[in-house]
Structures are given as structure tokens and as C-alpha cells.
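Worksheet: the structure to be examined is printed underneath.
Chain nomenclature is as follows: A, B, C, D, E and F, assigned in order of appearance, with residue numbering initiated at 1 for each chain independently.
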Amino acid sequence: MWSYEKRLQFPIKIKQTNPQLAKVVISQYGGPDGELGASLRYLSQRMSMPYPEVKAVLTDIGTEELGHLEMVGTIVYQLTRNMTMEEIKKAGFDAYFVDHTAGVYPQAASGVPFSAEALAVKGDVIADLNEDLAAEQKARVVYDNILRFTDDPDVREPIKFLRQREIVHYQRFGEALRITLDHLNEKNFYAFNPSFDTPSAKR
Amino acid sequence: MWSYEKRLQFPIKIKQTNPQLAKVVISQYGGPDGELGASLRYLSQRMSMPYPEVKAVLTDIGTEELGHLEMVGTIVYQLTRNMTMEEIKKAGFDAYFVDHTAGVYPQAASGVPFSAEALAVKGDVIADLNEDLAAEQKARVVYDNILRFTDDPDVREPIKFLRQREIVHYQRFGEALRITLDHLNEKNFYAFNPSFDTPSAKR
Amino acid sequence: MWSYEKRLQFPIKIKQTNPQLAKVVISQYGGPDGELGASLRYLSQRMSMPYPEVKAVLTDIGTEELGHLEMVGTIVYQLTRNMTMEEIKKAGFDAYFVDHTAGVYPQAASGVPFSAEALAVKGDVIADLNEDLAAEQKARVVYDNILRFTDDPDVREPIKFLRQREIVHYQRFGEALRITLDHLNEKNFYAFNPSFDTPSAKR
Amino acid sequence: MWSYEKRLQFPIKIKQTNPQLAKVVISQYGGPDGELGASLRYLSQRMSMPYPEVKAVLTDIGTEELGHLEMVGTIVYQLTRNMTMEEIKKAGFDAYFVDHTAGVYPQAASGVPFSAEALAVKGDVIADLNEDLAAEQKARVVYDNILRFTDDPDVREPIKFLRQREIVHYQRFGEALRITLDHLNEKNFYAFNPSFDTPSAKR
Amino acid sequence: MWSYEKRLQFPIKIKQTNPQLAKVVISQYGGPDGELGASLRYLSQRMSMPYPEVKAVLTDIGTEELGHLEMVGTIVYQLTRNMTMEEIKKAGFDAYFVDHTAGVYPQAASGVPFSAEALAVKGDVIADLNEDLAAEQKARVVYDNILRFTDDPDVREPIKFLRQREIVHYQRFGEALRITLDHLNEKNFYAFNPSFDTPSAKR
Amino acid sequence: MWSYEKRLQFPIKIKQTNPQLAKVVISQYGGPDGELGASLRYLSQRMSMPYPEVKAVLTDIGTEELGHLEMVGTIVYQLTRNMTMEEIKKAGFDAYFVDHTAGVYPQAASGVPFSAEALAVKGDVIADLNEDLAAEQKARVVYDNILRFTDDPDVREPIKFLRQREIVHYQRFGEALRITLDHLNEKNFYAFNPSFDTPSAKR
């Protein structure tokens, strides 16, 4: 279970309203490679993870991504809270506004609501960790792209922090994969589903 | 931000493998009215919630639902961890197994992956709280139905605990709605979007 | 069964072409909280509704929403029928136009096609009526937001009519919930699924 | 606008509970080629239809399909209203039941909620009518397949009636296409978007 | 199986960067009536097609559409490869860019990822060929609309080539339908599922 | 462009009808980690791939996966072509049959139609190749699981061939990633989007 601590992992204080920027940042809230998908992927995969060290990595990072989700939502909120109807129309924020006003809804920049189709839980350590490595790289690209949209340091600093965390997570998942390969014997490297094929499994 | 505490909100120790039961329980993991949707709905709505008392309710319940998500995932995991291929085929668990093995994937009982289309964030206190009241009732029905599928006390006790929590949450959202109506003056009862139409808002 | 009467519930005569406005109005045609979803929700729920008075409310309102769907489609059509390619590009209507020309397609403002994932039929009177109360509030917010996008009285008058109807429906569903609570005895308030758990039901 | 008449287009009185059959029949309620999609397709296309005779066909058939939707929903309801938990499990109706109890929800047999992705409104008479011809053939196949699943005359008779109506609609859309081709001059047969390219259209 | 030949079916050399145009062209890559859907529809339907002549048509056209998919992807790529951040923002290409940079992703102009919900495989020759006739008309409309968005001959020439091919395919599917009707005897015209109801089928 | 060669990459001759097996095999046709997604992912990513050696790998593997898609479709077809209604009901193939008869439709075992939400094209070499490595591992798991469902050598041999190819592809993508890292200088390892940030790019 989780407990909430009333502070952000990195402080966010945005002075400049900018709905056009909010429109792209929201992809890290509910987009295919955003923080919600990341957290959900890791916290789901941990359920059947057989190696305690790897399970701990999934729990740690999955929990941290919840805090990142909160950070991204806060950025979207602060970029839009004082916008005028003129700004909304000019920014192309109208399609979002009509259905969500200034609320924060889990969707991609494209307007597509968050879907778990963008993440995989295969119940296989090798496949799940490769999925996680890919997820971190994809999230990193989105942060790269967000940074290209703005010069506002109030937004850039937390985004750069979040981007840096993805790189650290990529490295941690790489280590988890190495640990996993040590656990597995070579022969069943690719055919093994550890949560299913345990030696005692009834066939 | 959140921190993880290594215990379940309610203990789960399931002795009897039962993939047919897992097939329906998973709807409370990633189904339209499940715990993931609940948590995501409340933690998203809180971003733009103008009244601190109501925001606190959303934060509390949204955080608690994360723990419920963990509980439901644990039930699914324990019901399936030792299943045989024969049990899988007989239980109709084959469609799930081929893509997720014994992993826990956020989907409905129908097989549809979790989608945020099933939840709303309207950026309007009245609408959001009515959405929340409905969400708790819908989740309660799913728990009612799960209880009809099993006599196993190892599953029934945690499910009954979760069901009871939904009823408590329904009551808390009812109180939050009353608080909100006290905040609003009668005239703009229906037209008000508090996070947008503040007195100082530029129009 | 239904019969068609060749008139709108409220007259619509729009003189000013405005694809940018059409782009947001269409969310009440096929968006998550639009008239299609409303009508489909009520006309589906009525199938298993055990109380004749409540079933009649669902039939009435579900039928009226079909007429509202026609009204919203007519607004979208009249706002776009004479538009030029220049207006289309400038209004950001290009993504819609390339796939639907000036036809009326059931989608949200975001471009997401209508999906029944946004509505619930739980086969439980209490849950279904709470869903309906929430639906009316969510639709009301979208009409509020549409009104903020335009000063054109040709659009505002029918939208204000539609918005007013949602408030009336909210009140009627509130009454239906009160009637339902009178039908149910207190003990099974939360566990009851009336279309399933009738006294004579075989268990 | 529409008015409701309290009778079915064809009487339905099913004596034999059969959730396994309900599981496939529901595809004509909310499946990709079902009655909801049919009605929505025609009632949406009529909005921009330039020829009054063709618009009248769309209105007529779209309205009739609403009545067919009611018939299919009634069949599903009557097949499931008295089922026991044992019947539910044995029939594989469990995935549906856990989320919808004995309510009627617009989904395909596969469990996928209705989506407007399965229908097209192109704002072009030729394309829309070809879409409609295809839709009627696809619906006919589903009724053919439903008939293979049952010998119960209480279900077969209304299904045969509905199947026959699809064939009649196919013929009527064929005639509407002929009428349309007479309206169009040969030269712009394929390039024409009647609701957009009127002679007076500003380019 | 297929082999790749390193040339386009029609040459493409676009000199003028134009992300606003790319935004609508992409609907023929991954939109509901685009080349991916076309190819997938025909190559899937051919699997169960009982008449060799019709199967050959499906294979031919399905294979050709793969080459068209490559052409459309090439157009999107060439229209976006040298764009600046200023052009991206001004063109409304930002929502696409943040998640895909200058890559080519299979989605509609609306931003909705490609979904097979937009195509049907009914396992019935008559229905499948009507679906195919409709598909070609719908694709033709999208090419019509793309042509309205641009005067650039570098884009118009390949688009006009692609549009012309849809018309040819429409005619070929019309001939395939005629061949099919000759194969079927009149009596089972509508009830026939050739891949299932063969004379020797066990019932 | 592609040309079709009328033979399978590996011969398939299935003697034993088995719709229950077809139900899980189809996930490699249109499921989230199936051959359609694989082919589409690689053939889309190649569009913006800056390094010719890596682009060639994507083209080769993407083309080969088209042939694998044909193989999987052939397996599904041969497993279902002679089934009886009794076999359909007993196998739980009814939900598929009612909408697709014995046709081959691109969906997951769960019944969810193929969606491009399950694949990513990020326009970034590092992220795209990590995505591809993960994709091959995920596909491998599904083949592992299919092998657990059957002892029939007519199915096992082609599935084992397909599984083996995924492992080869995984290795080839690993090499492509090494080639890519050699191309990139260390400093911009993580921030680089090669198809966008070329030295000559206008900013």
C-alpha cells in the first residue's frame, strides 16, 4: 500500500500561462509513453516477478513514477489555470477545454485517452524487462521533444529532472536484466516463464 | 509524491488455485469500474479542485484505491500462480494466458485493456463529484457480483473488505458534495467551473 | 419502436459558417458525455429496469435525447455546410474534413470516435441511476463550455435549451432514485441487483 | 425528433433461458455490424445528404433500426433474466455478468464495447451508400450465424424477421444509389462531394 | 510470402516542407480508410476465400496496397523531414511531433491510432466483397479531400495516381462480385457462408 | 514495393480441426505482440531511419514478418475450416464465429481488434530499436505459450520455426543498436533524434 506525502519530488512554480505547451506536456500524463503507463506497467509486472531484487526495482520505480505523474499533472494544471478564452482558441486548446475545462485528464497530446494497450505484462522476466528498457527510452524521447517546445525555465527545470530520472531507470532496468540472466540457466534462456514454469509446476 | 509500505491494506492468503475466478476478479484491476480507474479518476480530479477539504478527500481516497489495486492484483496472482495447462483450458483462461502467462495485466473481465474513456475529469466540482458517487456504486456492484462467484472465504473476506470501503467512499463523496454546495452560491449552481471562472479570471 | 417526426425539438437556423465552433460542438454529438451516449445509456438501462415508473423515465429521457442528438448534428451541419478550404485550414478543421468532408460523424472534439466505454449499464438500479445523475451533470458542463466559445445567438439559443433540459433530467433522475429507495428495503440497499436477485431467483 | 410507441416491431416471448445464446446475440446490439451501428450510421449520414429522396431512405431505415435495436436488446434480456449462477458459469457468461449483471450493454460478442470506428460518414453520397450496402450484408451474415446457434423458435422467428429486413434495406440502398447516379453527371462521378462542392461553394 | 523491391510504385520527390499537409495525408497511412486498412482487409479476407479467381484479386490488390502504404509514408516523411520548431507549432503538428518526432506512425489525421475496428472480415464472400467496394470508395473520398488541401504538384501527382488506383480496384471488386454471384445458386444467395457451409460440412 | 510469391516461408498442412487452439493462435495474427504489429512497426520506423544499414534491417525483418503473418493466418484458417457448430460451441469459439464465421480477422485472443496503440514509432533510433528488441521478446513469449497448448506436430513445427525467427530478429536488432551507438557520439547518446536534429536542421 502507499501513503501520500504532501510535496512534489521536484518543486514546480510556473508563472507563465501557456495552454499550447500544456497540450504537448499532457502526453507525459496519459500518453502512450507517459508516467501513468510507466507506473502501471511496473506495478503490474511486479505482481508475478519471481526474483526479489527485480521485484524491488519494479516497486521502487513504479512508486517513483506515481510521483512523476503528479509532477506532470501539476505542470499541466499550472500552465492552464489562468487562461482566457482567447488564449484557449489561439492555442488550439479548444478541443481539450470543451470536455475537460481546466481539469487534468489522462490523455495523449493527440487527444486519445490513456489505454493500457500501450503497455505489456507478459509474465516473463526477460520480456517484461525488455519492455521496461524500451519504455524508459520512449519516455526520454517525449521529454526531449517537450524541451524543444519551450524556453521557460519554470517548465524546463522539472522536465529536465524527469528526463534525467528516465535515464537512471533505464540503467537500473539494465542491471535488473543482468541479475535475471544470472538467475536463469542458459538452456532455457528464451523459453522460460518463471512465474509459471517453476520446477514444481503441475503440467 | 507517494511512498510504498510493504504490506497489504488487508491480508490475502489464497490456498485454492482458481483461474475461472481470476478471470472475473481482474475486472476490479483494470476494468471500467475497477480500482485503477477509481484511483486515476480521483488523483486526476484533485489537480484542479479548488476547495482544500474536497481536494483532501480526493487525495485520501485516490491513495487508498492504489492500495486496493494492489490487493486485487494480489488476489488475481494468488488464484493463478500454480495453475496447470488443463486448468487453464477448462477455466476459459486460455485467451488471457496466451498473451500474459501468469502476469497481472490491467484489463476488464471481457479482455478489453484498461481505458481512461471509462472515467471523466470535467474540471467542474459538481460534475466531478457526481462522477465519483456513480463510480463508487458501480464498483460496489462488481464486488457484489464477484461474491456470487465464490464460496472461498480466502477470496470473500478481502473482497468484502473492498466492497465495504466503496460504501464508505460513497458516503464521503456525498459529504464532499454537500460541502461544495455550501461553497457555491445558489445562482451559479449549475454554470460554475471553479478552476476556471474565478473572480479574477481574465475573460 | 420509434417513429420520426420531421421537426426539431427546438428550431435551428444558423446564418454564420463557423467550423472552429463546429469542432467543439461535435463533442455533444459523439463525445464521451454527448447526446448519443446519453440516449444509448438510458435506452439500454431500461431493458432490465424492474420498476415501471423508473423504466418510463428512462424511455422518455432516452427518446428525448435522440431528438437532442438530431439537434446537435443539425448545428454541426449548419456551421460547416458552406465553409471554404481557407476557413477549414484556419479553423483547424482539416483533420476532421479529410476523413468526413462536411458529413456529421459521431466523435468527440478530440477526434476520438464515439465509444460505449464512456457509459455504464450495471444491471443494478442504484448504480445505474447514479451513473445517470453523473451523466447529466457532465453533459451540462460541456454545454457550459460551448457557450463560452460563441456569442452567436443562432447557436446559443438551442444550446441553452439543451443545457436546460439536462438540468431537468438531473432532477427527474433524482426523483427516480428516491422512488427506487422506497422500493428497496434498507437491508439490501447496497447488495441488491433487482433484475437478477428476485425472490424467486434460482441460486 | 422521435416518439416512442410501446410495442416491438415484431413480438418477442422467449421461454427458455439461454445465456450462451445471449452471448452471441448481443453482437447485433452493440457489435461492429449490429443495429446500433446501423442506426447511427444512417441517422448521421442523413445530416449532410443533398438529395431528399435519399435522405428520406436514410431517415426511414435509421429509425427502423432503432426499433430493431430494441428488439435485439429484448431478446438478450429475455434470454438472461432468470439465469442461475451455475448457468452463467457453464455458459461462459461470467465475463459479461461481472460487469453488467443481467443488464443489456452495447458490446460485441467478443466483449468489445460499441465503437463508432466500425462505421463511416464520409460526406460523399457515393461512398456513404456503398458503406450502407456493405453494412446490410455484414449484418445479414451475423443473423445467419445466430440462426446456426439455436433451434429455439422463440428466438429464430424474430431473428429471421430482422434478417429479412436487412435484405430489404440492401435493396433500398441499391435503389438510392441508382437515384444518386442519375443526379450526378458522369464526369464527376468519383470526385464529387455533394454537401461540399455545390456550384455556389466558395473555393 | 512477399519480397521487397527497392523502388516506389510511383516516384515521389517533394521539395517543399509542409507539416500541415502531412497532418492530413497521414490518414491514408493509418486512418480508418487508409492503405494499411485496405491491405490488411484484403490479405485477411483472402485466407478463407473459396474461389481462386476472387482470392487472386484479393492477393493482387492487397499486395499493391502495401506498396501504396509505402508511398503514403514516403509523402509524410518528405513533407516533415526538414521542418523547424516554428513550422511545427504554426502547422498544429505539435501533438504529433511530441510523441513521434519526425517518424511515420500509423494513425488517422484525428490522431487516433490505426484500429482494425474499421475493417471487416465476415467469412462470407458477398459481405466481404461489398465491404471491399465500400472501402475503395471511402479511400477515394480521402484522396479527393487531400487534393483540395494542396497545389503542390510534387504531392498532387502521386496522390492522383493513388486515387486512380482506388477506382480501378473498385471496378475489379465489382467484377469479383459478378463472378461470385455466378458461382452461387440463387437460392442461397444471402445465407451462404462458403468457407463454412460446404456440402461436406459436418453439422 | 512488394511482390507476392505463392508459397509459405514454411509449409503448413494441418489435419486436425481445433478451434480452441485457433482462438489462442490468432493473437499472433492481430494481437498486441503479433506479426501484424511487428511488420507494421518495422516498416513504419524505416521511413525516418537515418542509417542505411539499420534501415535495411528494418526492411528485411518487416518484410519477413509479412510472410509470418500469412503463416499464422494459414494456421488459423486450417484449424477452423471444417469445424462443426458443436465444436464451435464447445471450444468457446462462438464469440468469434458470430462476427467472422470462419474468416481470419486481425484480433487478439481476447477478442480485441488489432490496434496500433500497441506499437511505437518515436522517430528516434535508440528508442525505436529498444522498442524492437522488446517486441521480439514479447512475440517469443506468445509462441512459447502457444506451444504449451498443443501436442499436434502439424501446428508445433511452424510455430517453432516462427519462434526461432523472433530470436534471430532479436539478435539482429541488438547488432543494429550497436551499429547505431557507433554512429552517435557519446555526448548526445540520449538526447539525439537523428531524423530531426541533423546538423543542418533549421531551429
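Rule of thumb we're sticking to: contacts are C-beta pairs under 8 Å (C-beta built on N, C-alpha and C of every residue); 3 or more make two chains touch, one makes a residue touch a chain.
Heads up on the chains, UniProt names are A, B, C, D, E, F = Manganese containing catalase.
In this text, all values refer to a predicted model and were calculated from it rather than measured experimentally.
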- prompt: How much rotation, in degrees rounded to the nearest 5, is required to superimpose chain C onto chain F on the basis of Cα coordinates?
  reply: 180
Chain copies touching (chain A, chain F) - same or different residues, decided at half shared: same
- prompt: By mean C-alpha coordinates, which chain is most distant from chain F?
  reply: C
Message: I'd like the Å distance between the centres of chain A and chain B, where a centre is the mean of that chain's Cα atoms.
response: 20
- request: Would you kindly tell me how far, in whole Å, the mean C-alpha position of chain E lies from that of chain D?
  value: 25
Task: Find the geometric centre of each of chain D and chain F from their Cα atoms only, then give the gap between the two centres in Å, rounded to an integer.
output: 33
Message: By the touch rule stated above, which residues of chain C touch at least two different other chains?
response: 32-33, 85, 92, 99, 101, 107, 110-113, 115, 117, 120, 122-124, 141-142, 145, 193
Query: So what shape is it, when you link every pair of chains that touch: line, ring, star, complete or other?
result: other
Contact pairs between chains, per stated definition: A-B, A-C, A-E, A-F, B-C, B-D, B-F, C-D, C-E, D-E, D-F, E-F
- prompt: Where on chain F is chain E touching in the complex?
  reply: 1-5, 7-9, 30, 36, 40, 43-45, 47-48, 59-60, 63, 66-67, 69-70, 73-74, 76-77, 81-82, 84-85, 99-107, 113-117, 119-124, 128, 193, 195-196, 201-203
- line: Interface with chain E, chain C side, in the complex: residues 85, 89, 92, 94-99, 101, 107, 110-113
Query: Taking the complex as given, what residues does chain A use to touch chain F?
result: 32-33, 112, 115, 117-118, 120, 122-124, 126-127, 130-131, 133-134, 137-138, 140-142, 144-145, 167, 190-191, 193
Query: Can you list the chain F residues touching chain B in their complex?
result: 20, 23-24, 27, 31-33, 92, 108-112, 141-142, 145-146, 148-149
